[in-house]
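Each of the next two complexes has subunit A plus one more chain, namely subunit B in the first and subunit C in the second.
Right after this comes the complex of A and B.
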C-alpha cells in the first residue's frame, strides 16, 4: 500500500504540471505565406485582449504541421493541405489535425516590369519551368533568355505550384530556388528576363503579373476559382479549435479579421 | 537476381546523387553497456552500436530512392567492426490509379508488425526483430499506401525471404509474402495486423543420382502480428502480440513449433524533450515446451538535447535499465544498464533539382 501511495505521489508530481492548463498564451508556427495574416491578426487580437499573448513564427508549412503533430504549438499554419502520410501519422499519435481555412490566395505568375508578355497558358508556364521553352520570343515576348525562379521545395507555395502547374514534372536544372515570396518578387524586379511566382499578397508595382489562360489574378477570379492557380490558406489545430485558439480563429474569420486578411493582400473567405 | 537488382539500384542511386535533389543523413549510436549476471559483471563496454549513412535521392516528385549503409564497432562484431547494406530501394508514386499509393522495389522494409516504423524509443529492438520473426529489410517489391482521411495504412509485398544478413543457408527459390493493415478509426486508437508466409530451403533437392526428392530440411512458416496503439495526451501504449507456426512439411512426424511473443510499451511524455518509458516483453519460443522462454522488463527515459525545425530528434540521450528473467529456475537473471547517445545530422543537396 505504501509503495502504491509513493508511486501515485510521484506520478502526480510529474503529471500535474504537464496536464495543467497553459496560461493565456497562443503559440503559432508554420507557413511563411500565412505568416503575415497571423502576425497582423495577432497584433489586433492582442490589442483587443491585452491579457492574451500570441507568439507567431514561420518555418514553412511542413514545420507548422510537424509542430501540431508534436503538440508544440496551438496552431500550425500551412499554405497546403496536410498530406496523407502526415495525417495518418498524426492520428496514430492521438493528434486529430483540424483544418481551419482562414483565407484564399492565388499564386501569381510574375515577370519583369519591362517584359511585354501579358498572357500565358498553364501549359506554357509548365514548359518554361521544365525547360521546353527557354526564350521569351517563343511566347510572343522579346528575344531574351528566360531566367526561371522558383521557391524552395519545402515551401507550401512550391507544393501548390508543383501540383497545379508542373503536375509533378521536374523543374529545370539551374532554376533559382528562393526562400520566400518577397525574395522572388524582389529578384524578378531586378532581373529583366525573369519569371517567378508568388502569393497574390506579395504582388507590387515593381513587377508585372500575367494572365493565365486569359484570366487575370484578382479577388473575384480567385474566390470564384476561375483563376487556375488558386489555393486556400490554413490554420491547423488539434481537433476543432477550443479555448483561446478558438477565440483567435473566430476573430480571423470575423468581418474585422477578414478585413485584415484583405489588407495583407489575400482574399477573404466568403 | 539479388546482385543484378542491387547493381541497378546502386547505379540509379549514384546517378541520382549527382543529378537530383538528395538528402544525406547520418545517425550514430554511442552506447555504454554494463551487464551483470548473478552479481557478476559480464559486460562493461563502450561501443558504436549502430551508425548509418543514408542517401535519399529524389528524381522528381514521383520517384524517390533510399540507400542506407549500416556500420558498427563493438566487441560482438567480427574483427570488432561491421558493415551492412540495409536499404537500397526506389519508391514510385502516382503510378497506380490508387490515391496516396506507391510501388517500392529493392532492398526494402519488411511490413510486418511494427518493425517498419520502429523508432527505438527503448534501446532494444522491435519485438519481431528481437525474437527473430522477420528480418527488418529484404529484397522484394510491394505496394504501400494510406487509407483516405488518415484512417490508416496498408502494404502488400513479396520478398526473397533471406533478409539482409547472413542467410546463405536459408536461400531458396520461393518468395515470401506479407500483408499488413493498420486502421485508426479515431485519433489515438490504432489497431493493426500483419500476416506473413515464409519458407526456408527448397522443397526438393537432388539426391546422389540426380533424382529430385523431398527436402527434409524444408521449413514453412506462418506468422501473425497483432498491434494495438493507444495515445491520449502525454500517454501512449503500444501493445503487440506475435505468433509464428513453424512446420517441416517433408518430415512425417514433425510437430509444429508454435512461438509467441507479447510486448507492451507505455510512454509518458513529460514534455517535448523528456519521455519516461517502460517495456515488458514475454517470449515463449515453443508453446509446448516448459521453461524455455524469458521475460524482459525495461525502465528508462529519453532526454532530447536538440531537435530540428520539424521537431525530429537531432541529439538525445537514452537510458534503459533492463532485466531479463528466464523461466528456467537454473538460469540466472541478466541485468543491463545502457546509456546511449544518439546524434543525427542531415543535409539536402541539389535542392529543387
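Right after this comes the complex of A and C.
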C-alpha cells in the first residue's frame, strides 16, 4: 500500500509539470514598448484561463522578430514593421511572419515643464536632432541651449523616430542616448533645456508634450494617423495565429483587451 | 588510507583550478572569434582611431575612439576623486585614528563597497544630476563629470581598504626608528610609511582603475551615452561598457554591429589585462 502511494506521488510529481508544459504555455518576447500591453493582457487572460501559462519577456523589437524566426517564442512583439531583409531571411528558413496589429501608439515630443515652446514643425524637430538648431530661442523659446535626448540606436522607438522624423539623417553625436522611455521622461523632468521623445503611454504630468505641425498628440489624432509621428504596434506570429496564440490575440483585440491597452496609456485599434 | 585522501584532495583542487582556467580560455576564445570578424567590415586603423560610431546608420560607421576616450575620461575622473579620499582614509584609519574610531570608520567605508551599482546609478540620476544642473548652470546633469563622481565614490573603499592593509603591514620598528630620529608624525607617514607600503598602494589604485573602467550600470545611467569625444568634462560620453551593454540586447546576432561590440570587448579586455599584469608585476617585485 505504502509503495503504491509513493509511486503514485512520484508519478504525479513528474507528470504534472510535463502535462502542464505541453501545449498550455504561450511564450512572448520582444519590444519594450509592447511589453506593458503584453504583460497586462496576459495577467487578465491567465486569470480568466487558469490552465494557460503565459511568459512575457522584453528584449526589443529586433529580438521579438529574431525570436519568431528562430522559433523560440509563439509571439514576437515589435513596435515597428518587419524589415524586408528580415522577411526574406525568415522566408528562407520556412517561417512566415504574420503581423497582428494590437494597438496604436504615438511618439510624443517631450520638453521640460517650464519651457514655453508649444508647437514645432516636423522639420524643426529634425533640425534640432541633426544639430542645425541648437538654442531654444531659434524656435521661439527662451535663450537656452537645447539638450537633445535620444534613445539607443537599436531600440524600436528610435527606429520609428529615425524613419519618420530624421528620415535617416544622422542624429548629432552630442545627443544623450538613454536606455528606456522611462529614463527619457524622468531625465527631461529634471533638465530645463531638454527635448526628447517617448511613447504616448509614458507621457505624464512632470513633462510637457509639444504639438507637431499644429497637431496635439492624442488618442483621436493618433488613431487617425493625423498626428505625424504615429505608429501601429504589432505581435508577430508564424503564420496566422492558431490555437492558444489565437485565443490570446483575439482576447487582446476584444473590447476587454482593448480597454487594457488604453489603461496602459496606448491607443486602441479602431 | 591517509595517502588516498591526500591524493584525492590534491585531485579536487587541481580540477577546480583547471576548470577556472578552461572557462577563462573559453571566454577569451569567444571574444576573439566573435570580435575579429569586424575587421572584414572596417580596417583596424579606422576601428581604433575614428571617432564616428553610428552602428545602425546606413552605411554604418564603426569607429570606437570616442568610446575608448569616454571610458578613459570617466575612469581618470574617478581616480582623481578616489585616490586622495581612499588614501587619506587609509592613512587616517591605520596611523592616526584611535582603536574606537577605527572600529567605526572601517566598516562604514567597507559598506560602500557592498552597495549594488544600480543603486549608485539611481542616486546619480535622481539626485546628483539635477543638483549639478543647479549648482554649475550646465544644460544637462548626465555627463562625464557626474559619472566620474559616482564611480569615484565606488572606488574609494577598494583603494582605502587595500592601502590600509598595506600600510598596517609596515613593520612597527620602522616608525619607531623614525620617531627616535626626531621626525614628526606627518614626516614619518609621508617619508617612511608610505614609501614602504608603496607597492600595496599602487596595487590598490590599479585595482580601482580596473573596477572603474569595467563598471557598466552606473555609466549607462549617468554618463549620458553620447558617442563623442568630449570637449569638456560637462559633456556626455559613451564608455565602452555602456555601448556594449545597451546595444548588445537589440542587435542581430552575427551582424557587423554584433561583431563590432565584441571588438570593443576585446579592447576592454586588453586594457584590463595589461592593468592586471602591471599589478602582478608590482607585487612580484615586492616579494623578491
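As a convention for this text, the second predicted complex is superposed on the first by the 248 of 270 C-alpha atoms of A that agree within 3 Å, B and C clash if a C-alpha of one lies under 4 Å from a C-alpha of the other, contacts with A are read in each partner's own complex, and residues count from 1 in each chain.
The rule is simple: a contact is a pair of C-beta atoms (placed from the backbone, for glycine too) under 8 Å apart; a residue touches a chain by one contact, two chains touch by 3 or more.
The shown structure was predicted, so the numbers you read here are calculated from the model rather than taken from an experiment.
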When subunit B and subunit C are modelled together on subunit A, clash or fit: clash
Please work out whether A:152 is in contact with subunit B alone, subunit C alone, both, or neither, and reply first, second, both or neither. both
Based on the superposed arrangement, let me know which partner A:125 touches: subunit B (first), subunit C (second), both, or neither? neither
Contact-wise, after the overlay, does A:210 reach subunit B, subunit C, both or neither (first, second, both, neither)? neither
For A:75, using the defined touch cut-off, is the partner it touches subunit B, subunit C, both, or neither? Pick first, second, both or neither. neither
Between subunit B (first) and subunit C (second), which does A:173 come into contact with in this model arrangement: first, second, both, or neither? both
On the A-aligned overlay, A:67 touches which partner chain: subunit B = first, subunit C = second, or both, or neither? first
Touching A:110, do we find subunit B (first), subunit C (second), both, or neither? neither
Identify the partner contact of A:233: answer first if only subunit B is touched, second if only subunit C is, both if each is, neither if none is. neither
Could you look at A:200 and tell me whether it touches subunit B, subunit C, both or neither (first, second, both, neither)? neither
After superposing the two complexes, find the one stretch in subunit C that runs into subunit B, choosing from 39-47, 93-101, 111-119 or 165-173. 39-47
Intersection of the subunit A residues that touch subunit B with those that touch subunit C: 59-60, 62-63, 66, 152-153, 168, 170, 173, 175, 177
Show which residues of subunit B lie in contact with subunit A when the two form their complex. 21, 59-62, 94, 99-100, 145-153, 182, 184, 187-188, 190, 229-234, 236, 268-272, 276, 309-312, 351-353
Listed in rising order, subunit C residues that touch subunit A in their complex are 51-52, 54-58, 66, 125-126, 129-130, 133, 139-142, 220-221, 224-228, 235-236, 238, 246-247, 249-253, 257
What residues on subunit A touch subunit B, complex-wise? 14-15, 18-19, 59-60, 62-63, 66-67, 69-72, 84-85, 87-88, 90-97, 150, 152-153, 158, 162, 168-171, 173, 175, 177, 239
What part of subunit A is in contact with subunit C in the complex they form? 59-63, 66, 144-147, 152-155, 168, 170, 173-179, 183, 186-187, 190-194
